[in-house]
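In what follows, subunit A forms one complex with subunit B and a second complex with subunit C.
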Partner chain A sequence: MDQHSSTLMQGRPAFSSPMLKAAVLALLFILLLSAPAMLNAGLLFWVGMTMIQAVFALSWNLLFGFTGLASFGHAGFYAIGAYFTGAALRYDFPLPFLGILALAGIFGALVALAIGVVALKRLTGIFLAVLTVALTEAMAKIIGFSPALGEQDGLGNIPRPIVGFGVFNLDLTHSNDYYRFLLVAVALMVAALWWVVHSRIGRSFRAVREDAERARFIGINVTRVRVLSFMISGGTAALAGALSAPWTRIVTLDQVNWLASTQPILNSLLGGFTSFWGPVVGAAVYTAINYWTRTFAGLSEMLVGGILVLVILIAPTGIVGLLGKLTRRIRKNGDRT
Partner chain B sequence: MSSQAIFVLFNGLASGMAFFLVAAGLTWVFGILKILNLAHGAFFMLGAYIAFTVGGGWPASIWSFLGVALIAAAAIGVLGYLTDQLVLKRLRDVDYHYALIATFGLMLFCEGAAKFIWGTDYQAVMPPPEVDRAVVVGGSYISVYTLFVIGIGVSVFAALEIIMHRTWAGKIMRAVSNDPWMAGTLGINVPMVLMVSVIASFALAGFAGGILVPNQALSPHVGASFVLYAFMAVVIGGLGSIRGTFLACILLGLVESANATFLSQYGGIAIYVVLAIFLVWKPTGLFPAQGAT
Partner chain C sequence: MKRRTVLKGFAASAGVALGMNATYLRAQSAPIRIGASYALSGVGAPVGTQMLVGTQIAAQQINRAGGLLGREVELVIRDDKYNSAESVAVARELAGDGINLMLGGSQTVTALGLAPLAPELNMVAIIVAAAGMPVTHELFNRNIFRTTANNYTQYGSLGRTLIEQNPEIKTWISLAPDGDFGRDSALFFGRAVEKYAPSGEVTVLDTIYAQATATDFRTQINQLMSSDADGLYLGIAASAQISFFQQARSVGLYDKFKAIGEVGNGDITGKAMGRNTHPNLWSVCHWLHNQEPFASNPVSQQLYKDYVEMKGEDFPSGQVAAGHRAALALFAGIDKAQSTETEDVITAMENLTFESVGGTVRFRPEDHQMLGLNYYSQMGPSTEAPHFQFNQVTSVDASEMIEPANPGQPFKIEELSQ
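The block that comes next holds the complex of A and B.
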């Protein structure tokens, strides 16, 4: 697909695709930054959740779209971050907020490392899918038995943090302030993931996805690459969860079950897993569907499920892939005339 | 044996057979189509709702109860035919990831439809009067419904075993499962066999819904918990192997039941430990099937 677009790009003015993309992203960032002034608190909450879901979906897609591994228990990583951060803020751990976030990410990556070392050498495909589901369910059970983590009721009353930068303090207790912090954090994480995908590491991920055997021949340690991808993905998912805890101010078991694990899958597939930005588009579209159908029980599931089946059957590259096809067709017609 | 051990044994066998009723269709379709149907639990749930709608909450007798379960089986079988024509047929030759995600979309669609039609409130169905009592076995009270579920599970297993290993139809099924291309050159109507398998698998899910509905609070999510155990059993048993699935279901049922009785403060955890051990110890299951990835 990349090849295809690059051949098309030849001979076209330099300001087209990358510049356009940058402009769209800058515009989006400014729009999101000014969202607190334009939207009411309820809508702002949805926007914040969409940003978190977008990062969560990107983390899943790093694994699936770029390394060719499917985790069906990704909510486990998200929950590690969310519960850790929630507990740290609620019980006032003597740690700066940024330190808590970093630790949450590291925990996620370490758990991924442990699973990866035990399982990734032996298991791929459906077996890995079932193992990840089972581990997430087991974690949900353990949380359900832990009084400190709120058992079945969830961990509520999570305070929003005050971030100390040594010289000055950033007070995030107001939701508008936390929103801005969230936006910057999400933007940084997306940028980091973009860098990973487009770096040398990202190339080795794709080599393993395309053909593990050949990648091995040219000297790539396939298991190590898979574990590394799993770690980055798990750490990012945990960070997304960590950022979500002060935003929602409650962490519940609904975020740990296997249906929660399918959220990033849905978003990635809906938006298109072959593109880096697909999961972000998917998260936005999914939120919009959910928002407009929120008063009809069952309608959003029917819509999302139906769309998902149609996407697989008709346009497996998702919305972004469909748009790409469309623009290519338009351009082709333009060239002819 | 102490009465507690007997209690654990019977409850475990009943849960195991309940898992098996759901898992049998799952492993069958996997064996033939190589598709792990994530929507299987949703069709089980629809079967339970259809049984509830047709038979009501108070079945008059065990015969009407069984009749209602068969109606649910037929209805879900018809849905299976439609699903096969509209969706599964187009997934035959695609990467298994796509198939997993498409059937997941199907599951969401079915759950949404159930919420839309029946609402999100919990419903209850009583066991039929003949089995709605307890008997004393070895000093322990065992519900007759438990024995009934065990009996149904074993009968379904026996029927599948006979069909698969003692009949002409079963031989054709196994041939298609092993090598569809070769089976086709030998004059077997492969698309027909695939379609019949899907319909039978869905009908089994519907039947299981009708039989097991008295055990649960009926809600659109009732399939999700069952199908998870069914997946685990299918994976432990070896994808596509009905015998392996049967044994794995008994094992998981017993583990779950012992866990609930002896370690009730940590109920429901042991089953995942067992799964993790099995996956690492025997990554392809007890009876590895050919073609399982």
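The block that comes next holds the complex of A and C.
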């Protein structure tokens, strides 16, 4: 077993029983569903943003943690979705909202395909990393000169949609209603990513990550697998951005820079990139730190930075990996006694 | 029904009534909580923290004078991190805590997040210093009031000041950051120069662009030096502006350009350049406590006194006055409405007139844009420390330089008459 496989094993979450996992996830879903009745509007907004950031981080980690590729400009994909959806709602494109979301995801995947075909043929990570950074920078420039996209000011006053289902309409104009829609959409996306990771495709991703030469030897088309992973990742990131536009009701260039691209990396490293749930935990912890330190200007950045240094030094597999290690140690001690 | 049961019922009713009355009275005597959302960390912090000081001093002053409606004013301070998503979160959190009055939008990016939310949150939102045109145009709603000049008024007035003060300069050029603010401010400046040139014979050359955060201006300085212009609008701000002046001075740009109007660095540039300050440098001026008309304005003098007491420093930033003015506007609105209810305060503020450090200001009812005098300072080098000095402050009445109110519609300069 190589080192990476071994860290993956260490990173397995503490609760390994499928029944227990399902129960915890069901409880979490119910808690999140009832959040509008329990939380104030500001905290609810951050819960919604955390869910979006969790999906964004999962999309990045599908590439890094499961396929072994690094993107340092993932915000570009997020921005594709956010700006497309923002413009579609603001300028009242004659498209149903679900169609807008689908198109946003498809655009993200197509851009990933275009980059992937160019970069991944070379099969080395640096080309992909540089091209994704270039994509983000180019997008920022284009948006900065596009009056329809708000230039430097950003695209504001984005209306929330009313989703038509033929026989009935789902009015999402109120925050609480859009939050519930967001929760369901995020749950479906997380489930879809979980299925991808645990399916035959996911296994081929991991095989390529572990050893591309061996994978090729056993008949896996490495380039195709990498491009597919990049497309799923780019499409998911664009969908996360698409869901964020009606939630924040403004999209700005803040979301199209290198700092925004570091957010999914930060969340994945904090939570643990070796575990599927690591980026979700990372996003939640990051938000919690931000929220609890909101009255102390600048403290959240110092705390997050400090915790990240600690995580890298003490627990390179992130919070989930650390929890797994602790649980195993407790179990081992229990078995001895 | 037994007599005891009836008596118990009366007693319970009286208890409930008394309890409700006590709650009501407590609410009436509790502090008036006002949200103050500024950029307190990140790149906007140098400006946001100064504005917050102005707001805190305004709250201190009103509490010292007995409060508002007999109640103390309590600021609930939050950091919007110069980020639109944070400004949205802050506004939602404040609303969730029952706060319906807030000051925010210290920069356009945060104002654009905050402004559309105000009606949904049933809030009165004072946009403190965001000058972007959309705030009182396509993003306008009744719940927002802007207490600073918009870009069109600000840079049009700067252009007018420069050409009126320097009528001998016949050719002007702009160096602006490559973005919508830079393009717009240079355009507004140039249009005003053309419009207010006393002789009518003035040429405005094409704008030269640079990165807002550039450190090397050799290419642009070359272009400026080879142009026919002898008057310059400099839209580059902050430390990039200092770099520009340091590089420009050494190649003789100070001799070529007889007057320069800069975007608003003011004393920051003066302190950095000292005796190497351009001899005829004009700035957007927010507040200079020791220059007229501020020196004889009682609001200005009280602000300066309280600033020195609070911070222990003698040279307040002009941004302090922006935070102070925004808070005064809201306090005056509450006082006029004799209520803290959103609708009452909005109605009162639509026709509000109040005193600020720069004199009397009012709101235009149609788009809630503040109108008053906008100030421009002229500085140059000095032989005494700090080796630069402000020589004069002039003003332009915003009502002469503002576009017609057109709430809900984008601003289009081409639709304005020349």
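Note that the second predicted complex is superposed on the first by the 318 of 337 C-alpha atoms of A that agree within 3 Å, B and C clash if a C-alpha of one lies under 4 Å from a C-alpha of the other, contacts with A are read in each partner's own complex, and residues count from 1 in each chain.
Rule of thumb we're sticking to: a contact is a pair of C-beta atoms (placed from the backbone, for glycine too) under 8 Å apart; a residue touches a chain by one contact, two chains touch by 3 or more.
All of these numbers come straight from a predicted model, not from anything done at the bench.
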item: Combined model on subunit A where subunit B meets subunit C, clash or fit; value: clash
item: Which of subunit B and subunit C A:315 touches, first, second, both or neither; value: neither
item: Partner chain in contact with A:33 - subunit B first, subunit C second, else both or neither; value: neither
item: Which of subunit B and subunit C A:106 touches, first, second, both or neither; value: neither
item: Touching partner for A:298 - first (subunit B), second (subunit C), both, neither; value: both
item: Contacts of A:248 with subunit B and subunit C, given as first, second, both or neither; value: second
item: Contacts of A:269 with subunit B and subunit C, given as first, second, both or neither; value: first
item: Which superposed partner A:152 touches (first subunit B, second subunit C, both, neither); value: second
item: Single subunit B stretch clashing with subunit C - from 23-31, 59-67 or 131-139; value: 131-139
item: Common interface positions of subunit A, toward subunit B and toward subunit C; value: 297-298, 301
item: Residues of subunit A that touch subunit C when the two form their complex; value: 39-46, 49, 144, 147, 150-154, 156-157, 175, 248-250, 252, 254, 294-295, 297-298, 301
item: Subunit A to subunit B touching residues, read off their complex; value: 64, 70, 118-119, 122-127, 129-131, 133-135, 137-138, 141-142, 145, 258-259, 262, 265, 269, 296-309, 311-313, 316
item: Subunit A-facing residues of subunit B, complex; value: 36, 87, 90-91, 94, 96-98, 100-102, 104-117, 119-120, 220, 224, 228, 231-232, 235, 239, 265-269, 272-273, 275-276, 279-280, 283-284, 292-293
item: Complex contacts: residues of subunit C adjacent to subunit A; value: 40-41, 45, 77-79, 83-85, 88-97, 108-109, 112-113, 115-117, 120-121, 132, 134, 138-139, 179-181
